[in-house]
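Note that subunit A is present in both complexes that follow, paired respectively with subunit B and with subunit C.
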Partner chain A sequence: MDLFLQFLTNGLVVGVFYALSALGLTLIFGLMRVVNFAHGEFYMLGGVVGWFATTYLGLDFFSGLVLVALAMGGFGWVVDRFLIERVRGQGEEPGILLTIGLSIFLVNITLLAIGPAPLKVTRAITEGPIFLGPVTITKMRLLAMAIGVTLIFGAHAIIHRTRLGSAMRATFQDPMAASLAGIRTKQVYAATFALGCTLSALSGMLLASIYSAQASVGGLVSLKSFVVVILGGMGSFPGAIAGGLLLGVAEALWGGYVATGMVDIIGFLLVILILVLRPQGLFSIRAERA
Partner chain B sequence: MYRYVLGCALTAGVAAAGPANAQDSVKIGLVEPLTGSVAYNGKSVVEGAKLAVEQINAKGGVLGKPVELVIEDGQCAPANSVNAVEKLVQKDKVAVLVGAFCSSATAAIMPVAQKYKIPLVTGVSSSAALTEQNNPWFFRAAETDALMAKAFAKILANDLKLKSVAYVGVNDDWGRGGVEEFSRDLSALGVKTALTEYFDHGSTDFFTLLTKLRAAKPDGIFVAAETQDGSILVKQLQEMGVQSKVFGVGSWATADFINLTGDAAEGIYAAVPYVSSVDTPRNQEFVKAYEAKYKVKPGKYGAAGYNALNITAQAIARAGGTDAEAIRTALGKTEYKAPNGEYRFTAKGQAYGFDAVLVRIEGGTPKVVASAPVEAPQ
Partner chain C sequence: MSAITMDAPDAVAGRTEPVLRVRDLHVSYGSTAALHGISLDVHAGETVALIGANGAGKSTTLRAISGLLKARSGSIAWNGKPIANRPPEEIVAAGIAHCPEERHVWSGMTVEENIALGAYLCRSKEEVRTRMGMAFHRFPRLRERARQMAGTLSGGEQQMLAIARALMSEPRLLMLDEPSLGLSPRMADEVFDVVRAINAHGVTVLLVEQNIHNALAVASRAYVVKTGRIAAARPAAELRGDPELLKAYLGG
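Up next is the complex of A and B:
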């Protein structure tokens, strides 16, 4: 029983981390319908910029987070206005090719600039185990979970409670009607892309402080994030949380009771099952597009 | 007419320049992972190799020509490594191949080297099966897991007083090989196996694995992992409050590993074929040159690249030409004085005679606990 509780805790922690790292993709892929293969690279850049801010600029962890948010938000805006905009409305394939190209470009620029070595991001608080009865967890993990949950609810509030959020939802439902109603859709697209990019980068820095940042982590992050978004349902924040937790707990239990060496199999098994039984995902906000 | 003359001159010029260029240097092809999860270690091999080439060329090169290193990225993946080798052989026409890093990638390029009849030297790949394939073109200037296990099993069991050990390895043939060899030799000495688990390259969260490990309560934990995976694993061992003694194979005794792992690295043991703190004149000279060039002390892989290149260049010099067959024969007769002992090859192409060391990380530096020569396998 003690073992089960620890496995469950591990799974929930990793699940929140999965949900967090998939948030940016939920916006960009789920809402904007840009199949963003550079998602993992945005995440990676968040870790790398975080490393730069804490190591070279001497900032503390939280100032580093703010810097990452600003820098990567600006970066996302620029990417949308100068790259994504050129292929908008031409179907999904040009976007796929564009983001694959962008991901290759970003990885190799990072390799060129700072090399392949793993980088250490200074942590917000000193690390050490906390024992809650039979369960062990660390302070940094609890903090990361707290920040993660805040970000998830914050992003949800932006989409559903603000004017910008209403404009976003209107634009993605029907761009023509939205622009006729006076919404500046170009700005809305860029804002959404920038927000998605910021969320990816923030999760990248947060998790890099727990693990480590490295130029080549992007591929695996993209893969897991697509699993989470498809499990949860496109564009749904509750779905991303549920998808992340489901994947995290399933992996932890499979690793705990079967074998840790084959743990990646479980995510794909879940995706196949969900696509067969409930193709729109667990929490799809709409089954069909207008 | 003018055009015709110019055309002739150009053609003649190209024809003359072509072969002359090819003979300008002796080309050695190097395939290492420069991207992907072990890219960081692959880069160290390249650094060591470049230093060796620089030193050789400073002394006039081999066969009176400078040595040219042609580097390709094999990504530690079998398919990419094969592509890299095809390119090196077909386009660059290298005399000798050095690489690839991961055992699975090396296993894939061995038949290619045999097909083109080009000698292949690896300074890293340690899966025991490679030298058992009777590939006459293959030479391994590195330890195997079996040889390391044999050299250190007794020291580990007696000096660390281990009664039970948990084995954790990266899920590829190197990791699985290391776990199997060490568990076999330690079991033969009466050490119980508490647990055997594997994880995938690039894993970041080991809490599930460590939960199982903590429940098994072993005296010692054996880990086969490289810098990136290993440093995260050791950090999380501390975060989980696991107190067992940790010892491992892989690039553990390097400055970067210690920097990444922080104080969680204190007290862990590593069985490595090379550590920069070995106090011999030859090694100190090598460390000085490496540090002057790269501002860091060489680790296991820097030394591996350096040794592999020196062995190759010396064999070409002894062969007296770039004829593949002559180089192969010369490689078999290697007597190379490395920073860490003297390398010779068995008939199967397995190196022996060099020293391996067991180090303990204390105060952020690896201290040599024991050293044992790697003997020729029976």
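Up next is the complex of A and C:
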């Protein structure tokens, strides 16, 4: 039982980052309908920029986090205005090709610039365990998880409480009606892409502070985020969170009780199950998209 | 019936300067031309109808005026200022609201959110609240359903919502595209009563309508649009009283 609680805790910690990263993808893939194969590279760049900020620039962890948010938000904005905008409204295939190309480009530029070695993000606090009954968790994991949860709530507040958020929801439900109401839909698309990119990148930096950042990590992250988004339901906010936690816990339990070497298989098993049993995902937002 | 080209197609032109002046407007969808030189005038306080068969170019004309479509050539002037090819948000800000065909309410948002977003360009929360109060006063049924998802409303209620939303930008010209589409005759009558009331409040109306009887009952003048051109411009009463003439224009 104690072991189970420990696995569960480990799963929930990782699940928060899956959720955060998937939130970034669900905005871009679920709402904007851009099948973003560069998602994992945004995540990877978050870790790399975080490493650069905390070691090269000598910033502390939190300033590094802010820098990652700003830099990757700006990067996302530029990618949307100069690349994604050219293929908008032309179906999914051009977007797929574009983001695959972007992903290859970003990986190789990163390899060229910093090489393939894993990089450490300087931690915010000294490492040390905290004991919660039978469960052990390191301070840094707890802190990173708290930041992740805060960011999830922050993103929710932006989408549901702000003028930009209303504009986003209106644009994705009916872009023509949004234009006629005076919403600059091009800027809304760019802002959403920037927000999605920022969330992925922050998740990447947080996880890099626990594990490490590496140029080649993107592919697996993309796959897992697609798994989470499909589990939770396309474009669904609660779905991304539930799907992320579910995947994290399932992987931790599978790794703990079954086989550590095949942890990555569990996500795909879950996706096959959900596609057979409930193809719209755990949280359907069909009504919201209309 | 050959298309008539006119410099001033307005039968009562010369009375005042038109608030909206469209000249020789050409619009294409890709390489397919949809409008082959539309010219029309709308004067302050009028209700003008665009009538014509399906695919004649009525909706395209509205969509070009509101900035959803680019004009290939020709001019659109609003109070003397050229507005052709300006983005939609500038057109709304200038005082032209477009209530599109098939209503296009945000079905996954509440009635309240739909109405509030109609005043998206208005930065003052106070002002938005005042306008919402006016909208609910004009459409009491929408107040009852304020918290409901717009997608759960009946067709007529959705049309009222679409009109209420368009009015939230406090336009001086309201362009309505097929407001009675898919509505019961009784509901359609209600919608046209609303259009009359809006016009009586000083809002100029440009109306596109398939239901010619209704359109001519509410409008003072009408343009007959045929294959992307203006085929005729007549006072509504004249068209109403001459079914043969109408038949000739609309191709029976």
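We take it that the second predicted complex is superposed on the first by the 286 of 290 C-alpha atoms of A that agree within 3 Å, B and C clash if a C-alpha of one lies under 4 Å from a C-alpha of the other, contacts with A are read in each partner's own complex, and residues count from 1 in each chain.
The working rule: contacts are C-beta pairs under 8 Å (C-beta built on N, C-alpha and C of every residue); 3 or more make two chains touch, one makes a residue touch a chain.
Treat the numbers as computed from the prediction; the structure is a model and nothing was measured.
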Of subunit C and subunit B, partner touching more subunit A residues: B
Partner chain(s) touched by A:138 [first = subunit B, second = subunit C, both, neither]: first
Contacts of A:182 with subunit B and subunit C, given as first, second, both or neither: second
Touching partner for A:264 - first (subunit B), second (subunit C), both, neither: first
First (subunit B), second (subunit C), both or neither touched by A:157: neither
First (subunit B), second (subunit C), both or neither touched by A:117: first
Partner chain in contact with A:109 - subunit B first, subunit C second, else both or neither: neither
Partner chain in contact with A:166 - subunit B first, subunit C second, else both or neither: second
Contact set on subunit A toward subunit C in their complex: 163, 166-167, 169-170, 173-174, 176-184, 285, 287-290
Residues on subunit A engaged by subunit B in the complex (per definition of touch): 3, 6-7, 10-11, 13-14, 17, 107-108, 111, 115-118, 120, 127-129, 131, 136, 138, 207, 211-212, 214-217, 220, 251-252, 255-256, 259-261, 263-264
Touch list for subunit C against partner subunit A, complex: 66-68, 87-89, 92-93, 97-98, 100, 104-109, 113, 116-118, 120-121, 149, 151, 165-166, 169
Contacting residues of subunit B [partner subunit A, same complex]: 34-37, 39-40, 42-43, 171, 197-200, 202, 204-205, 207-209, 211-212, 215, 227-228, 231-232, 235, 238-241, 256, 259-260, 262
